[in-house]
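So the structure is just underneath, and the comments pick up after that.
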Amino acid sequence: MIRFSHTNFTFILTLSCPNRPGIVAAISKKLFDIGGNITEAQQFDYTEGGQFFMRIVFDIPKSETIQNSIEAEMAPLSETFKMEWTLTNMDKPQKVLILVSKFDHCLVDLLYRWRIGELAIEPVGIISNHPLETYKDIEFYGVPFHHLPITKDTKAEQEARIWDIFEKSGAELAILARYMQILSNEFSAKLSGKCINIHHSFLPGFKGARPYHQAFERGVKLIGATAHYVTSDLDEGPIIEQDVERISHADTPDDLIRKGRDIERRVLARAVRSHIERRSLINGKKTIVFND
Amino acid sequence: MIRFSHTNFTFILTLSCPNRPGIVAAISKKLFDIGGNITEAQQFDYTEGGQFFMRIVFDIPKSETIQNSIEAEMAPLSETFKMEWTLTNMDKPQKVLILVSKFDHCLVDLLYRWRIGELAIEPVGIISNHPLETYKDIEFYGVPFHHLPITKDTKAEQEARIWDIFEKSGAELAILARYMQILSNEFSAKLSGKCINIHHSFLPGFKGARPYHQAFERGVKLIGATAHYVTSDLDEGPIIEQDVERISHADTPDDLIRKGRDIERRVLARAVRSHIERRSLINGKKTIVFND
Amino acid sequence: MIRFSHTNFTFILTLSCPNRPGIVAAISKKLFDIGGNITEAQQFDYTEGGQFFMRIVFDIPKSETIQNSIEAEMAPLSETFKMEWTLTNMDKPQKVLILVSKFDHCLVDLLYRWRIGELAIEPVGIISNHPLETYKDIEFYGVPFHHLPITKDTKAEQEARIWDIFEKSGAELAILARYMQILSNEFSAKLSGKCINIHHSFLPGFKGARPYHQAFERGVKLIGATAHYVTSDLDEGPIIEQDVERISHADTPDDLIRKGRDIERRVLARAVRSHIERRSLINGKKTIVFND
Amino acid sequence: MIRFSHTNFTFILTLSCPNRPGIVAAISKKLFDIGGNITEAQQFDYTEGGQFFMRIVFDIPKSETIQNSIEAEMAPLSETFKMEWTLTNMDKPQKVLILVSKFDHCLVDLLYRWRIGELAIEPVGIISNHPLETYKDIEFYGVPFHHLPITKDTKAEQEARIWDIFEKSGAELAILARYMQILSNEFSAKLSGKCINIHHSFLPGFKGARPYHQAFERGVKLIGATAHYVTSDLDEGPIIEQDVERISHADTPDDLIRKGRDIERRVLARAVRSHIERRSLINGKKTIVFND
């Protein structure tokens, strides 16, 4: 859990680079020199790929220019170690754009967690391919709603409008909260690393349509859900979080769908939290997820 | 849990038949009339298939001819309702034949549960495609060991020898305790409903060779194991039991294999118990598994 | 899952009585004779207490007087076997009264499951010891809200008003959805078997105040929640459902409270479903919970 | 997973000290300067107690005197930061003494994991208050067995003999593998931090005798086990690992004991692995357990 203070900002630094001795020493000395106090740090040495990953949470005295200062100090280090890195100020919520189709359980759940202050997000828009009246029972708390219908012929155009909203709203993350349209490869590529999807049913077990019906036909004893980053490879992006529940022969496909809703909403919420707190780092086709 | 008594036998009757009114009434009246006392009963109406399934545990006064008497009484009912049924005297352990390859964790686990009286089985043979010395550290407690090596050319012959041992030993169930040979369609058909396999990794997620390496490459966050009845459709037989464990990016393929061993041995043991207590009934490509 | 039809009603019969041979036969014959078709049945023989429990789901042709007819037919059987029994028509939702205090996650969750038709309940009132404005962000969908403040001196009076609302609204079940007032023994006794509570944290581990802080102090690795029937023995009523989640040393008490919310809402929802579908039968200080 | 190499040793450094800026920088610079390559590091800032905890895995070129060198280099740092620290060479298995009473499932499981090379332990003795013949079906693979009977009057003397064996065998850890004798406060204090116990049933839920019977009486829906460090406070030592399994009303106390065996052996094995890999650090009445 990130703790806030009146005098300090809390930053999270994540980085990855080719592994070689001295990285940890160099980074921790640098942060110490500029007045940072490391409160949490995790690292992972991906031996198979020769790549090194690190996540550091640190406090530093508040000032208006502090983010620029840290970035300037990091630049030469980043050069030396050929790092990719991100620096996030945790004192402001992260702007998210939520996409949804007919089923609203993930949307309602995210809005609830935002409202009670559980997730440090700021929803800047809700986009659906269904009209507003589909959600007439849901309180949006002032978040702008965009109805962007889609047909086979208007896919490119609709995606352009989504992208436009994403950019203009300053969104940092798109959440596909049971948005049932397949994104084009081009659009997926644009959103790469900035878009999380929840796949109902347990990937990679059941791909394609109606996975709960497939699970029913196959008589499996566990069903689950998978949250992953969107890439151009449909349902094959880096997995962030998965969970399962036990089912039985007495569960109909409708029961599986019902039980699935509970799994989907908690798996998606955990994945969003993981991303927001910069715990999930992409490593090729996989993720590093540092535990809280 | 089955409880034993000095004066009564405990029987389990399982049956399936096309669903129609009156089945439960007819069966329960019949058992009452012949002196049986029902202590446990579960039923399931598979609406989609129009089929009815039932499992009844009952006590009945001990006598040498009681099994024959019950079977005789059941015959006309079975005719009327077009039932398939089994009747099992729970007072004697069930004879099992255990097949194993190089990895011994499931074998050792089954032998342990048998030795301490946890599983009501009587191992009547252990068959391996590896020689006895592979298992030099394991105590077999007198269970006969058969080394049946196999090559591509001798598969049919080797399977004939397994079948011969199965029949001569009076085995009622064959347990593939990480036996890594693929049974021929013909042999699978012979063993249908009488053979349980443990599939490492979570089916149907990862088919084919080296599933834990597949899971590692894919970066999944859960791994599991599946125990199923063997049919001619490789790794696609009716699933009896599944379980999973959480893994992380830091787990190497060797870690997955290690964690997998724990899942495999408990999933296989639960499936064998389920079969022994007649809780798992085959329903086409699926199972009904009545909970304990 | 209960399935509905145009021509039939679905009833659930639950019963308990001293165990003796012939109960199942008698009941199933009776239901067959009056035109019922059993689609689901579970029974449990509590050997330790000599008591027999049964739950039967059956379809029967629709008519206005059918419930009375079944009850009349059951009366002599009930006499013979000294049964306690309930008969529930599943075609109408069950009226529930929801009590809540400051934390609204269980309330919001129940309302959501009701709104999308997942739980066959009809909320007939929401009672809180906090004023309406506490819930200004929640849509009640027309369910009447009652603000019933309470002080040490007005407890008896406040409980009398709750009881009055319970009776006048025709409520069949009271749900304490994180209602943080301790009911008096007299009031608990009145609601016995008709009131479900969710206890945050894992009972019986941590009794008393601030259980998540207790769990933090103790350094446990799992936290959970317990749903139980209310009796005069505080937090000691028959347990219906429990669940846990893994935690770590890095979780602060606030993290435990956050994780606890997810556990609490799903455990309470499962317990309410269990009660609504008459799967949970009280057996002294315990419950029988027949699995779905 | 610890990986071994021909040219390097793998060491694990754990430390705790009052938190202040610069610790990570100082430690990582020091290890870099002496030729260490950090492959894994976790840290935890226990804000509530002002204490900082760290675990570092590093490789360093092999030499006979390397451990002494590292220790010498660490000394001044340790002084500066008022650290408590341990340094463990992971290239040699850790010597463990296993204590057991009548139930052998944890003992058999530990011996199995040792035999197949899963746990980097070297059992240097097995101590029981029961005679050797109790274990006649178990292969000890040459590990010395000590029968140390105990009566109320000989407790002090028996514990002295255990301590003597512990010291003479060079044991680094004592494992109470269902050893059913309560250690005296004095003996517990001697073994503090060097002794792991498995408590059947889910602590702190059910203390005292026959916890599974207590769980049965109370009608709980989950049972579990807890592994913890032994302290003078019986069953209240810092918890290392816990797990649970779902149970039902149909489970008799014997069923709970059976299901408990599976939980106990996996919880104990995980706790031992955690200790061996220096993942579990004691923090007052709690532990820090760094995930693998």
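Per-chain numbering from 1; labels A, B, C and D assigned in written order.
Following the convention adopted for this analysis, contacts are C-beta pairs under 8 Å (C-beta built on N, C-alpha and C of every residue); 3 or more make two chains touch, one makes a residue touch a chain.
Only a predicted model underlies this, so the values are computations on that prediction, with no experimental measurement involved.
Using the average of C-alpha coordinates as each chain's centre, D ends up farthest from chain C.
Where chain A touches chain B, over half of the residue numbers in use are shared by the two copies, so each contributes mostly the same positions.
Note on chain placement: the centre of chain B and the centre of chain D lie 36 Å apart, centres being C-alpha means. Note: centroid distance chain A to chain B, computed from Cα atoms, is 42 Å. Touching of two or more other chains is recorded for residues 3, 40, 44, 47, 248, 250, 291 of chain B. In the complex of the two chains, the chain D residues touching chain C come out as 44, 46-47, 202-206, 217-222, 224, 238-244, 248-250, 252, 283, 285-289, 291.
Residues 3, 21-22, 24-25, 28-29, 31-32, 36-45, 47, 246, 291 of chain D touch chain A in their complex. The residues of chain B lying in touch with chain D in their complex are 1, 3, 40, 104-105, 108, 112, 115-116, 118, 137, 139, 141, 248, 250-252, 254-255, 258, 261-262, 266, 291-292.
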